[in-house]
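Sharing a structure here in structure tokens format.
The first chain written gets the first letter, and so on, giving A, B, C and D; residue counts start at 1 in each chain.
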Amino acid sequence: MLEVKDVVKRFGGLVALNKVSLTLKENELLGLIGPNGSGKTTLFNVITGYYRPEEGKVFYRGEEITGLRPHLIVKKGIARTFQIPKPFGRLTVLENVMSAAMYGRKAASRSEAREIAMDWLEYVRLKDKADVEAKALNIVERKLMELARALSTGPDLLLLDELVAGLNPSEMMEVVKLVRKLVDERGLTIIMVEHVMKAVMSISDRVFVLHRGAKLAEGRPQEVSRDPKVIEAYLGEPIQV
Amino acid sequence: MEFKLAWKWVVIAILLILALIFPLFADEFLVSILMQAYLWAFLAMSWDVIGGYGGQFSLGHAAFIALGAYTSTILLESYGVSPWIGMWAAGLVAGAAGALVGVASLRLRGPFFALGTIAFAELVKLLLLYFKGITGGPLGILITKSGPEYMLFESQAHYYYLMFALMIAGLLFLKWFEASKFGIGLVAIREDEEAAEGVGINVYRTKVIGAAISAFLTGIGGTIYAQWIHFIRPDIIVKLEYSTQIAAIDVVGGAGTPYGGLIGALILVPLSLYLNAIFGGMIAGLSLILYGVVLLVVVVMVPGGIYGLVRRKWLSRKKGGE
Amino acid sequence: MDTKTWILAIVLLIVGLLVGYFAAGPSQVKTITTTKMVEKTVTVTKTVAGTTPQPTQTTTAPAKKVEVKVGILLPLSGGSAFSGQEDLRGIQLAALHINQSKYPNIKFTMKLVIADTQTKQDVAVTELRRLAQEGVVAIIGAYNSAVTYPSAAEAERIGLPYVVPESVSDKITAQGWKYVFRTCANASKYAYDTLWAMADIAKANGVEVKSVALIYENSDFGVTTTEGLKKYLNKFFPNAKIVHEESYPAEEITSMDDMVAKLKAENPDIVFHVAYLKDAVLFVQTMKKLNWYPKAYVGAGAGGQTRVEFIEQLGADANYAYTQTEWQPDFLNSKALAKWAWINEDFKKLYGRDMVGSSALNYVGTYVLAVAIQKALDSGANPSDIKAFRKAVRDALETIKIPAGELPLMPWGVDLTVPNHQNPEAAVAMAQILEGRFRVVWPIEFAPVKAVFPAPGWG
Amino acid sequence: MVEFSAYTQLLVSYAILGGVYGLTALGLSLIWGVMKAVNWAHGDFLMVGMYTAFWTVTLFGIDPYIAAIVAFILLGLLGMVTHVIAIEPVVEKPGGHEATLLTTLGISVILESLALILWSPSPRSFQNVYKSTYIEVFGIRTSVAEAIAFAVSIVAIVAVDQFLKRVRIGKAIRAVSQNPVGARVVGIDVPRIRLMTFGLGVALAGMAGVLVATFYPNIRPLAGYVWDIASYVVVIFAGLGTIYGVIFAGIIIGVTEGLGTIVFSNAFRQILVYVVFLTVLLLRPQGLFGKALRRV
């Protein structure tokens, strides 16, 4: 479904991504992990068109999408959330999510968009906050709203950037379950960047480890967590599964 | 709830009727003041599209007034085209110029954009002066025709109704615009450009079209202004003072809301004209000081403008009551 | 700083300002109200009566006089505030003299209703509406041609007589307006008189003028005056060529070195300069810096060079500059105009200096309007029927014909019976700055001194 | 046509004018660079500076260059008052840029009208020998007043630069300009630094006003306007966060403006200025000497 081929991204002298390749199958949940500054968010930005890579290509369903502008990538069916949530502060939660439905892949009419938005808000359990201005939400609610907003664009592929960071363990587990359900019940394909190992390892079909801008390891969660290279990269941090 | 809703409509109806019968019992001076308040309200609402909803602080809107005024006036005086038609051409010319400003807004932010628009307005003024053959250069153009078919009226009351209709049209447009797909997209860009791209909004196109809409409306306002004042000249119409007054009115009233322009204009325009009438013959300049003080006080103490303040008060009272 | 302190600061500012204003008064007398003026003028009239042979009729004012309101529309703030306030002095003095019955032919009391245009056309139109509302029978205004236009058009629509004593743009009287009358010359006439004067002066001094340059500010004033200069140039100087012509934005100019350098290279005999004050001063300053002076530097259109500040700012460097001028105290030394010296004396008592062109022009405009109003009153029109009375004043204005010599202050007369209501008799004199004073050098019969031509240069 | 030798004269004249542009822009650039706020009333502070010169020179008969020091102090105080009233309450709020634009617009209107009421609209001037004394080097003439203004401009710019680099408060100002959050973390009293910066910026404007008034005619309530435009153009050309850039940009603008009018006419000059201005603004918003601003 998605193929990233030998992507190189530099910032001045710093090489953020060094010939990274990645393939993704339909209806898969890929966990993307790696220490701080390993290039996870950069990779997201390359896939979703925020950065144009210096080298390499990105294909989506066989079609090249390298360097397409972000809003066109959304129209292809790829949506994302941001590491630090970016709500449209002075729009209501409903309008936030509706905007995605109206401008996203389906280009829904206002009334359709309203329905789609309410559905997804219900899914993330934010329905009762629909008429609140987004800037009044707390961090958890912001993250959930962003998830609903990304979903409302009607994506097949969803990129989630540290969705559960900052949540307490019980909230985290709930959100993780929601994400898994998206794959299982709605047939979405998801790449999930996470710092919290427990969350990633528990739900991912496959894990991809980035280290200093390059692939370190790839495979099933169990295998990867035992990989000595990975353990070393995390400075001997024991990885719990 | 329904009871409250009914009250709202009653209040609106009463205000409408009061506004409509106002010229019947008020003298021409008051009519003239209120009429100008409506015109400025419309201009501020036009500005609001880019300045309020779009979050791009333009200080060059006088250029669009001028482009609109010149387009329709040249059509009228040289080709005999009635401004009822000419105003649409005026809007288009101004809108095209607005699109250029929109392109600039892709690269310039905050004060840089503001300065860029000031320079743009100055350039428009100089070009109007320079192309004497078409615009009459520094001598300007005097509207010599007359008759309602040319949007020229004998009494101020007629202009009052014209401007009132214009203001109401602007208000309804903004009400619709605010909830429209395009309006939400524009606000989304204002709030967070990257996130807006992330939900599929074409930032470039939206910004450019937003600026063009704002300029289009301002251009129409320019036509109406020219029809009322009957005389246009580059240096008296492309004034930085006008650009800043438009922005000031909207911000004082509450930028990014449909009512901001009207509220701001109803406060600032009568204030400056009425104070000038009172003090102008005695202490010239005093009215401007008070104007400046009001501007300062509102911007510092009432962020979000008067409308924002009223709404907050109202919301908190409602919450308290429940 | 919390909100309360803040409000307090603002309130204190305003209160302080008001107290300061009324207690100390501004540094210069500005727009005095009529009541204040009357108090002041008691002393004025006494001293005037003591020193001049002018008959005083102040003490025997009739018990009951008709009061007529006249609207004044002038830029008292904004870009043209200094001119507007000077104009107002002339108008107020005229009204004062009328009310003191200094003119036996005028028997009513004139009440001025003063409005500030802020140098803005829309404010002017709004204020015109207010003045109409307050029952004025006529308007005098509005200095800036750009403001006079739309407000005169509005007056025409209302049917309110509008007397233009100072705006010069030709177009104002070219519209066929019924209610608009101009007592002063228009821009073309200013241009015509400039050339006429310089041609006479050149001839008297035996200098042949072969080349001229035209420098002008690029707004209405400069452009129309220069058009006139170009039109009539060869009528007065058949052999003169225009070697350089350039306009510039007066508001925004920071340096004129380039223009003077170009002129220095071309070295024309006469430079005609249509300018406001700042650019005129800057131009002369730059000529001195670049060490060049033409045979004659002429301020056309009675703009910046005719202002006393021109001499104040330039000092001795202002000498030998020519400037058109509507009025100079020199006029009062001539036989024909000596009888009006008392007006200037009164002006001096009030403001501590001589009248200048703009105050004199506005004085005359006000006088002409007063004559017309009197005529309307004499014809039996009822001032309480405001609409009909305005019409009567208009009709009276159209019959006004005051021969030269009977008009206060000015060497010319007024004839408003012409179809376009543009006084054809208004003319503009030429002065030269000699020893730090404006001296009238043309028309010769009003000239106490002879022009210095060519100018000696910087030496 | 203009002779070649005249070009050297013009070159020098306009370089001097450009230097003065740099001086008038300095205060604006400082405030804008440090606080990211545009001081709309900049031209009016210049105007108050001019009046300070007029009153001190005519009332006390002191030398105009001493008046420059007086203006520096007076305007510094006025600047701080303005800051407390109009800048500090809004500068950190969302939409602070726009808010400061409008509050300083209010200040601008108030100052202009106050000047009109208190000092009347009559154009004032004061006599000084510097204006009408000339120095001539290699046949190039300039008035002493202009030469001094140019020299002061250079000195002021070097002084401000050194102040920012060597003096403690100066360093703190630079820290605030580069990273206000970081500055606060390391214990810098950011509001106080902002107050000092605004005061300094306005003080420099006041001083510039006095120096301009020594050779440029007409002190009146709207006199700051013309220098205001020049200042904005210079600041954009120079880019933010550069002190020396201001003087270079000033001279470049002065010279191109002057020589440009030899080729083009004065009527076209302004069009040229704005076209170039807009081009620089669009192609290089960071200015000719500024550092690139990264997209956040």
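Just so it is clear, a residue touches a chain if its C-beta (ideal position, glycine included) is under 8 Å from a C-beta of that chain, and two chains touch if they have at least 3 such contacts.
Because the structure is a prediction, the values reported are computed rather than measured.
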item: Smallest number of contact steps required from chain A to reach chain B; value: 1
item: Set of chains whose contacts include both chain C and chain B; value: D
item: Far-end chain from chain B, centres as C-alpha averages; value: A
item: Innermost chain by mean C-alpha position; value: B
item: Inter-centroid spacing, chain D versus chain C (mean Cα positions, whole Å); value: 36
item: Centre distance in Å when chain A and chain D are each reduced to the mean of their C-alpha atoms; value: 50
item: Length of the line joining the C-alpha centres of chain B and chain D, rounded to whole Å; value: 32
item: Length of the line joining the C-alpha centres of chain A and chain C, rounded to whole Å; value: 76
item: Residue numbers of chain B (touch at least two other chains); value: 129, 283-285, 288-289, 293, 296, 300-301
item: Residue list for chain D, restricted to those that touch at least two other chains; value: 85, 89, 113-114, 116-117, 267, 270
item: All touching chain pairs, where touch follows the definition stated at the start; value: A-B, B-C, B-D, C-D
item: Complex contact set, residues of chain B against chain A; value: 179-181, 184-185, 187-188, 191-192, 194-203, 256
item: Touch list for chain D against partner chain B, complex; value: 32, 36-38, 85-86, 89-90, 93, 95, 97-99, 101-103, 105-110, 112-114, 116-117, 232, 236, 267-268, 270-271, 274-275, 277-278, 281-282, 285
item: Residues of chain A defined as touching chain B within the complex; value: 48-50, 69-71, 74-75, 79-80, 82, 86-91, 95-96, 98-100, 102-105, 110, 149-150, 152-153
item: Contact footprint of chain B on chain C as seen in their complex; value: 3, 6-7, 10, 13-14, 17, 21, 30-31, 33, 72, 76-77, 81, 85, 113-116, 118, 120-123, 125-127, 129-130, 132-133, 146-147, 149-150, 153-154, 157, 169, 171, 175, 218-220, 222-224
item: Chain B residues within the chain C interface of the complex; value: 27-29, 31-33, 36, 129, 137-140, 142, 144, 154, 156, 229-231, 233, 235-236, 241, 273, 276-277, 280-285, 288-290, 293, 296-297, 300-301
